[in-house]
Amino acid sequence: MHFSPILLHIPDGFLSTIVSLISWAITIAILSVAVKRTEKLDEKQVPLMGIMAAFIFAAQMINFPVAGGTSGHLLGGVLAAILLGPWAGMLVMTAVIGVQGLLLQDGGLLVMGANILNMGLLTAAIGFGLYKVGDGRKRTLKLGLAGLGAWLSVMAGALTTSLQLWLSGTARLDIVLPAMLGVHAVIGIGETLITVSALAFIFRTRPDLLDPAEGPARGGRGWIFVGAAISLFVLILSPLASSNPDGLERVAGDLGFLAQGKDAPFSILPDYTLPFLGEGAFSTIAAGIIGALVVAILVFFIIQSLRTAKKNA
Amino acid sequence: MPPIVHKSPTTPPSLAENKTVIDINNLGFSYPDGHIALKDISLSIQTGEKIALVGPNGAGKSTLMLHLNGILKGNGDLEIGLLPLNKENLPVIRSLVGLVFQNPDDQLFSPTVFEDVAFGPLHMGLDEKEVISRVEEALALVDMSGFNDRLSHHLSTGQKKRIAIATVLSMHPQILVLDEPSAGLDPRARRGLINLLLELPMTMLVSTHDLRMAKELFPRVIIMDEGQIVADGETATLLEDEVLLEKHGLEKE
Amino acid sequence: MPPIVHKSPTTPPSLAENKTVIDINNLGFSYPDGHIALKDISLSIQTGEKIALVGPNGAGKSTLMLHLNGILKGNGDLEIGLLPLNKENLPVIRSLVGLVFQNPDDQLFSPTVFEDVAFGPLHMGLDEKEVISRVEEALALVDMSGFNDRLSHHLSTGQKKRIAIATVLSMHPQILVLDEPSAGLDPRARRGLINLLLELPMTMLVSTHDLRMAKELFPRVIIMDEGQIVADGETATLLEDEVLLEKHGLEKE
Amino acid sequence: MHSNIFDRYLHNNSSIHRLAPQVKVVIAILFIFSNALLPDGDWLSFAISWAVILLLNWLARLNLGYTLKRSLIVLPFTLAAITALFSVPGKTLTIWQIGSLELILTDAGLIRFLSIIVRSWLSVQIAILLVATTKFPDLIHALEHLRLPKMLVTVIAFLYRYMSVLTDEVIRLMRARQARSAVLPGRNGGGSLLWRARTAGNMVGQLFLRSYERSDRIYHAMLSRGYSGHLRTLNQHELNINDWLIIALAFLLIAFLQLFAHSIG
């Protein structure tokens, strides 16, 4: 049961520990700002966000037949940000991605930080930033910007996913990047079409909800820069990296990033031992102690359960 | 069927003493898209009255009902149980007014039937035993005992309708507001509903297209059309007035 | 109200020649949660028949109807208009069978009334002029002309119900399958619906709890209970059989 | 349809089901972390991990077939890892030439690829085990205990509440479209791609509108039944000494496994 572009939901195991942890760190940093910002809003905003999260979750099921059994889907980050504002949109997407990972195993747990970053945070930031450019302008321009944002958001997700896979030593950049970008350039069109027509629908039926002054979406003009920066990042890095992945590889190598990322995933623990233990002999001793502890705890439980069994009998 | 006993001390004392339990003055309402759904509605209901609200499709019946516990907010004064309807009073008013929506899907939001019916009592702070007994009682009243563990959203329409009614009965409200409770019920369930409503002691406002039920149950009838109250009086008189009925999309039974 | 004229060459030729238009053999169905909703249903309907499907809440009426254009898929054989119901035939079968869901919110998904009623004809590949004239015709039949640009979502329940029926009439189906079309309609609209159904020439299967309407309109009645067909025969006979009705949650009118 | 899938085994009542949810969450994450730390090609350690998972499955009386079938959800993603076959230097097994691209399959590459798949497959089984033995409301509760921001927890709780309502709504919307997606024999029906996409977009808009307006009504339905900002559940889960011991046990087991893996590695 896949609700949204499957190739962006990374399962556990595909990213190295270090890449997973760095992604989590970035995600947590951004999310903690998001939580702070939204907490200030009206208290009714929280249930609304919950319902909008359910809306995005459900909307991802709506598809349209394209050709040969394939179909177009919605990812929804841009739509969420336009309807609710960037911070709230990010939280909504986080909830959606979290529940998909936890409940449906659509995306892993340890790598969830990366998934949230790729599909939730970047998409919301781009979408809202571009849409904000159209403030006070004609409806068609707004729709166009939203559509562009939708396409770019999918591309941004594909780009960062590819980079993470590569840094984890899971994929070769020269193959995975063009492949991912190529596929998502098409998927992005579906995202654009659905986002634009959904927005057009809302403009027709409840324009009050999209009013920048009265509607639920709040966000300053600073977002325009964020949106522009991420768009540039995608627009410049994608063709560059696709045509010359070696260059990117060299840069990463120079920064010492690649060596870390590609190394055995255990590298966060120096010398392949637990950091607080010394040489091999200690490891053996430690293993012995741990083994003894395990046995002790097991015995404790067995005795306990025998006791309760007796009590119940 | 045992009558519902109101043992809980939730009643604001004023309610029992006074007679006017719902008082609406010059209420008007337009939907956000500009459509005017209610125009200058005035209405007063006494404790214990049982009233049918009838009128053609689109008359504004549901819209009016949604005002009675503050879900929609129009212009005009509303007093429920002597309390003016405002933000502070809402929680109390909501414990007084049990509202069943026209579409049962709007009413049911919990995974299982049990949880849905228990939601109200649980949030009122009743203890577990009391909650369970209220759920059993409410389910028995709508003839759905044994459905506790079924998923609410996987029931037939008629079954959902009955559970929707149970979710409100479990709260022992003072005023029952039912929006077309009999639509979609099979004949036996419809009969059961009529008997149930006959037995329940509380004040009732019930919208319906079922004029036979209106005649059987409700001494007073209010006819709405195009957002206004066009008649309000004794059922026996109004529902025999063919000209009036004909004019407002209704038919003499 | 003008009768619907079938001028398009939509009929697969076989249908007109043969008499059996719906043929169901030993159909069984369980919902994914394991609930058995249909057991061993066999049924055959001839061209032009008008049949009422009655039974208590939860009997399986809606479930059966959802099988008739392949929305649910149970075990057993189904033939519609001589075509076995399978994946290849589905698009054609859907042009033959017009299905109106019990809850009108389930039927309407487009922004405006016009787009909703036009969806079927457009999807069938008709040209624009034909589509427009079909929409006008269908809206006129349900007495909702002039509602073209209203948002379907913002109509009253009864209004939605009528539009839901129009979305199917605009497709000029050969077989009409209506799930409780009269629930929620005001008396005048109900009368209008009955007149409309009397006039339409096509084969009809209509589920209803309104036994008076069943008597008035349908020569044949099928009674379901607990997922099975418990009686199938002449309305005049079956709906007078108090013992039978009483046994299956129905009441003699 | 969803609730069926989500709540499939929750009516079982094993010792695993009864564990405090936050304990299960912590252990699951530790365990997945441990998988990530196992070295490439350490099949023995992978096998031990799997044995532990199977043991837990058995303790929880889960249907193994279901778990395994469900674990296939990671399959499509293996596509993304396929290039690992050609990206690690090692002994050359074969060489494929695709256009200008030369793909050298190495033994190390093969080991890396298989290790990624196995790690992923083990981890997803742990996640399945977690949700199959923990009611989602309890999971939400666990998240709250694990210091997730309150607002995010509430958003997730609401998401869960409305999820089935809205997915059902979607199923109905799609059914409505399906029921009228007729094509006449000999005619080119179905409409243009653009029209189909717009219809889907309209449905998303429709869903938004319904969710938004219904949310108001349901929210009020909740308020009128006493909801005050905090979703109540009947059981609270304070950790007791047993729970701590179980966490300690799990932690030690995992440390043991890691030491084992890395001392033979």
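We call the chains A, B, C and D, going by the order they appear; numbering starts again at 1 in every chain.
Everything that follows uses one rule, which is that contacts are C-beta pairs under 8 Å (C-beta built on N, C-alpha and C of every residue); 3 or more make two chains touch, one makes a residue touch a chain.
Nothing here was measured: the structure is a model prediction, and the numbers come from that model.
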Minimum number of chain-to-chain contact steps, subunit B to subunit D: 1
Reference subunit C; chain at largest CA-centroid distance: A
Separation of mean Cα positions, subunit D and subunit A [Å, integer]: 14
Whole-Å gap between the CA centroids of subunit A and subunit C: 45
Whole-Å separation of chain centres (CA-atom averages), subunit C against subunit D: 40
Residue numbers of subunit A (touch at least two other chains): 201, 205-206
For subunit D, residues that touch 2 or more chains besides their own: 3-4, 161-162, 165, 173, 190, 199, 202-203, 205-206, 209
Subunit C: positions in contact with at least two other chains: 33, 103, 105, 111, 151, 153-154
Chain-level touch network, classified as line, ring, star, complete or other: complete
Residues on subunit C engaged by subunit A in the complex (per definition of touch): 111, 151, 153-154
Complex contacts: residues of subunit D adjacent to subunit A: 5-6, 15, 28-29, 32-33, 35-37, 39-40, 70-71, 73-74, 76-77, 79-84, 86-88, 101, 112, 116-124, 127-128, 130-131, 136, 139, 149, 151-152, 154-163, 165-167, 169-171, 173-174, 190, 193-194, 196-209, 211-212, 215, 219, 229, 242, 245, 248-249, 252-253, 255-256, 258-260, 262-263, 265
Complex interface listing, subunit A residues touching subunit C: 201, 204-205
Subunit B contact footprint on subunit D (complex, rising order): 3-4, 7, 161-162, 164-165, 168, 214, 216-218, 220-228, 232, 234
Touching residues on subunit A, where the partner in the complex is subunit B: 205-206, 208
